[in-house]
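In what follows, structures are represented as structure tokens.
Two complexes are shown next, each including chain A; its partner changes from chain B in the first to chain C in the second.
Coming up: the complex of A and B.
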């Protein structure tokens, strides 16, 4: 519109442009991935070999699918966070394992059952948050405890249910171009997430509610319905992750998903989604999930003691989050 | 006669805005003195300087003959000056007594709060309002459990618990009923007998004439008159507040014969009661009066943001209800708030997304194609002369005025039949205001019904066919034709129909 404004933007010195690019979380995450691969290869030749990277991406895919739901919840703001994803991954794995019980024919019913059940749990989270007005952190923490307790009662603490062979092949064996099927599934999910967020009214509503809930209400957006749906989707994606996890490990045990809870949040935040909601996206989360898995793998390769790994892992995250925190502070 | 307050040539600028250009106020010891003026005349700024909330940019202030410059409200309080806050300053979770003595609780010998003494002192203060308050107003009651009038009394008592010699009462009677006002006035007279001086600010002219000894009138940041109540009339005071009577350039007023597009009958809500209005297609109806008399609350009630507790709404003769904004939108209403930060801006999102917001639900599409939407939205933005580089730029790259244009264009895209404007020009530049009102007139010519609330009366006078004037949550009178001028508007704003 205004020529003055356009030329001003174009006339920014390259230093400013470079600085802006460096502040972009997606660029930072990609940069971190390249640097870590370089360090890994230098310290332990073979670290960045093709099959190693495929192995790494497979682990990242499991995290990335669960983080997609977390991503939606955090984007929708209102202190949105889903602490029940870990427990729901376990639940999805146990349900899928018991429905499948090693039979290829039962894979589809297993997936549907796991997703349906976890979707309902997620919706309960959403209803608790919107209708009863329980803060998300409390509601989902409570849900986590309930689901974990339920799993103990259900399975008596004994691992039960087996993955069907076809599912295990889908996740662990090359399918096309030397890549396992789960990577194509993750790619498809990523495309679906990007389209959902950028091209649909649901995606628009998620951003709008996260950016300014009152403004979203005043333009007629169904704030509560969207929130319930978002928590439901987070549950369903955790359930889907559960199915993939049982395919990865072969059988299900009741705490199989616990280790995923915190990493889903970290992957989302490293990927540049604001914890305050309303800004960010899934492409960043994909990069975040890969960077996170890579960091864990690199620290293992360094043959550090457990405490050393945890120390470096924690410090790296604090540095990254600190950088984003400052960048996103001025919101007015 | 000893002067309690002597303010001379006080000025105050906020950035480039001159809120006060010539503040003069002389209040004698033991006097009740009214400070009057229309919205934005500088009376609040002047009171805040005297109470130590603002430091003056220049000028002199004497309290009891001493030249002073207060560093903080606390310093003013130490000099015996207390300000009654128009915005409630009570902590709802605390008890009445704890609120009254907050920060100055009586202490025992060892330094603990002396609860017994505090309760006795609070009870003594409450007793002075004796018959005018309900049994709920006890020292140990929680403030959140009190009625609005009782809360305001606690606020008043909090001021007097500081044993002030000079009290500034800014709209202290706003939430009181007539019996409470009568008792409060007795209390003020009693304080006058003790030599306490009161600066009295009110939106009810009748009250001023009932209780005050003298009046200072302000206009456009200047003190313009000082007079004795006994020697003047309400008529003359209004004339002083108005100055040269602003007679607007009338737009070709719509004939009132058309069937109303929107009728509001006897509706009551959070901060307004028993309001009836009717709007013809193509008409611009103004909501006038001093700030905070229920105009914004009414518009928010009409749009379904806050609930209506009584009354009916009729759209083109058909009864309808607005329980949620989505419902009001479906009926063809649009609402533009003046509070952009809390009500409009999708912070951190693009100009495109901010423009798109209202259309998403209005058209109920699942699929949003920028290729299809962007030309429509940029056309709406262009109709308001919105200046921006690219639709994909972040909304906060725009100035306040351009942002507000985006938020109006957002609603224009939905092609509303009725446009509710809630002080839409708050904090935007003159150029943007002119563009905005040109567009509003244009929309009215196309048959859209418009209800406009503005805190600037010239905006109402210049653009409205009719003005409903609010005082204390109710419509005092409607101005149109010959009475549509600043004199009648100001007179009605102070409660004279």
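Coming up: the complex of A and C.
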């Protein structure tokens, strides 16, 4: 297994290994990606063409960056979930748009401002969850409403701020090897996430807290600090996504991030991270984000009516979930 | 008196107190708030969320969650309106439309329950997925908002029966249902399933059946909310009720029910839903600049949720 903390201790016959591999969410997600590309190419030649795939990966990168934060929150357990990512993406986009206002020179300050503000919002989530002990789903739901309200005040309800040309090129134009810069940024983030989760004490603490919070506290892990940090990171990554989103669309409106909220959760779950916390990883989430975006794109090329597309999307989601997202049966 | 205070305090007491405060404030800021017409129109606005929140409570008590309620409401709305229109709008057509809507709601609830309790899929993601499917079906039945509801339907809903407004009848009947159900063993089973699932299983409770029933109840209440929305808007709209999912969860939490399951009750959720509506009302009439209204509403809801959690722990 490439993700998770388990390793193959026992040598098992290859049939068992093959079966385990096939039940591995990452393998399944990759398999689903290949199959969907095949179906798309068969139905509409050119679907799996290079530039189409690059386009698709760009959209997946936006989802994947936001899902990284969601992944950390879910991994750290305690019914951890962040429903405010959508609103924070919007907030990041609006802040970044207003700070840079079309000027290339202001890109870095814009990114820093967006990340700083959303990091603080995320930390407030974390403090609400750990100190006041509000359940994460309630805290982040409330935060979502507050941030949306803050956006209305901040922008007076009018779309405001423009992306700088260099940022738009970074996301929409080829930079190196015919790939836009955002894909390299996503790759760098993915490597950073894997190192964070697999090679740092913070990563081990996240898994430990997610698997068994009480045990983690008893061995002296700073449970509250880690959890506040994790929510803060989720906010910051949502803010970063917001910057990318405004670069992708050119300008920002106050609900631009709403559509990302539930997909981040789904990408994480499809990628094999357990909503109970403690097991999973970011590589699966990357595959999950790509699979999700690919599915949407495939359904768009099918020229179905909206309802047909939605129906297949929902059904596929349930099938994917049924293949490995099942929960344990109660035992005597 | 001491003993009375020591008795198990119902979780909804806090919501009730907050509601009283808000009613007083509302009476001060909104002229004629206590006029029967104004009360009736407010209740008409709040009623759909109240009904959905009642159903959501049973699912949450059992340790699950139902994000599909908004989509169920949209599907029931378009089915009801389409059946009424197809059968010509007589009294029989109205009854058939309502029955068809509720039947569809039951089917939606059964699907949710089967996927989650029998196939053991994760509730939040599953009901999000089934919600997408239900919205898709609603768009298939009625691609665009339209179709007119028979006059008798919306005029009865907006009017009065035996001099009591229909909406008040519905609220009272819903309250009676909640009251009765709270005294049946079923609600204790729900709490057992949500509070300690393996314990409930070991003591021989039929977990699967109980969880399925909770999802069916939730869907039926979403269907009833749809019938109310249909009476209010007098039209079919496949995109109706999208805010009901998150709104109902907030209402349940405000009403003192633990979202992790096992503790709480639907009476609190009724108060929580009314509270949410009243908060919006007070802010609207308090004369705040428009752009600050959402922010203040969000802050108050968050503060109320946090306060409820803190006080419930004492």
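Note that in this section the second predicted complex is superposed on the first by the 313 of 332 C-alpha atoms of A that agree within 3 Å, B and C clash if a C-alpha of one lies under 4 Å from a C-alpha of the other, contacts with A are read in each partner's own complex, and residues count from 1 in each chain.
In the analysis below, a residue touches a chain if its C-beta (ideal position, glycine included) is under 8 Å from a C-beta of that chain, and two chains touch if they have at least 3 such contacts.
Here the structure is a predicted model, which means the values were calculated and not measured.
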Looking at the overlay, does A:315 come into contact with chain B only (first), chain C only (second), both, or neither?
second
Of the partners chain B and chain C, which touch A:219 in the superposed model: first, second, both, neither?
first
Looking at the overlay, does A:269 come into contact with chain B only (first), chain C only (second), both, or neither?
second
Report for A:255: first if it touches chain B alone, second if chain C alone, otherwise both or neither.
neither
Have a look at where A:300 lands relative to chain B and chain C in the superposition and call it first, second, both or neither.
neither
After superposition on the shared chain, which partner residues are touched by A:205: those of chain B (first), chain C (second), both, or neither?
first
Give the label of whichever partner, chain B or chain C, reaches more residues of chain A.
C
Can you list the residues of chain A that touch chain B in one structure and chain C in the other?
331-332
Listed in rising order, chain C residues that touch chain A in their complex are 115, 119-122, 124-126, 128-133, 135-140, 143, 197-198, 200-202, 207, 246, 249-250, 253, 258-260, 291-299, 301-302, 305-306, 309-310, 313
Chain B contacts chain A in the complex at 303, 305, 324-326, 329-330, 335, 337, 341-349, 353, 356-358, 360-362, 365-369, 382, 386-390, 410
Once bound in the complex, which stretches of chain A touch chain B?
1-2, 5-6, 8-9, 199-202, 204-205, 207-208, 211-212, 214-222, 274, 278-279, 331-332
The residues of chain A that touch chain C in their complex are 79, 81, 128, 132-135, 137-139, 141-143, 145-150, 152-153, 156-157, 262, 265-266, 269, 275, 305-311, 313-315, 317-318, 321-322, 325-332
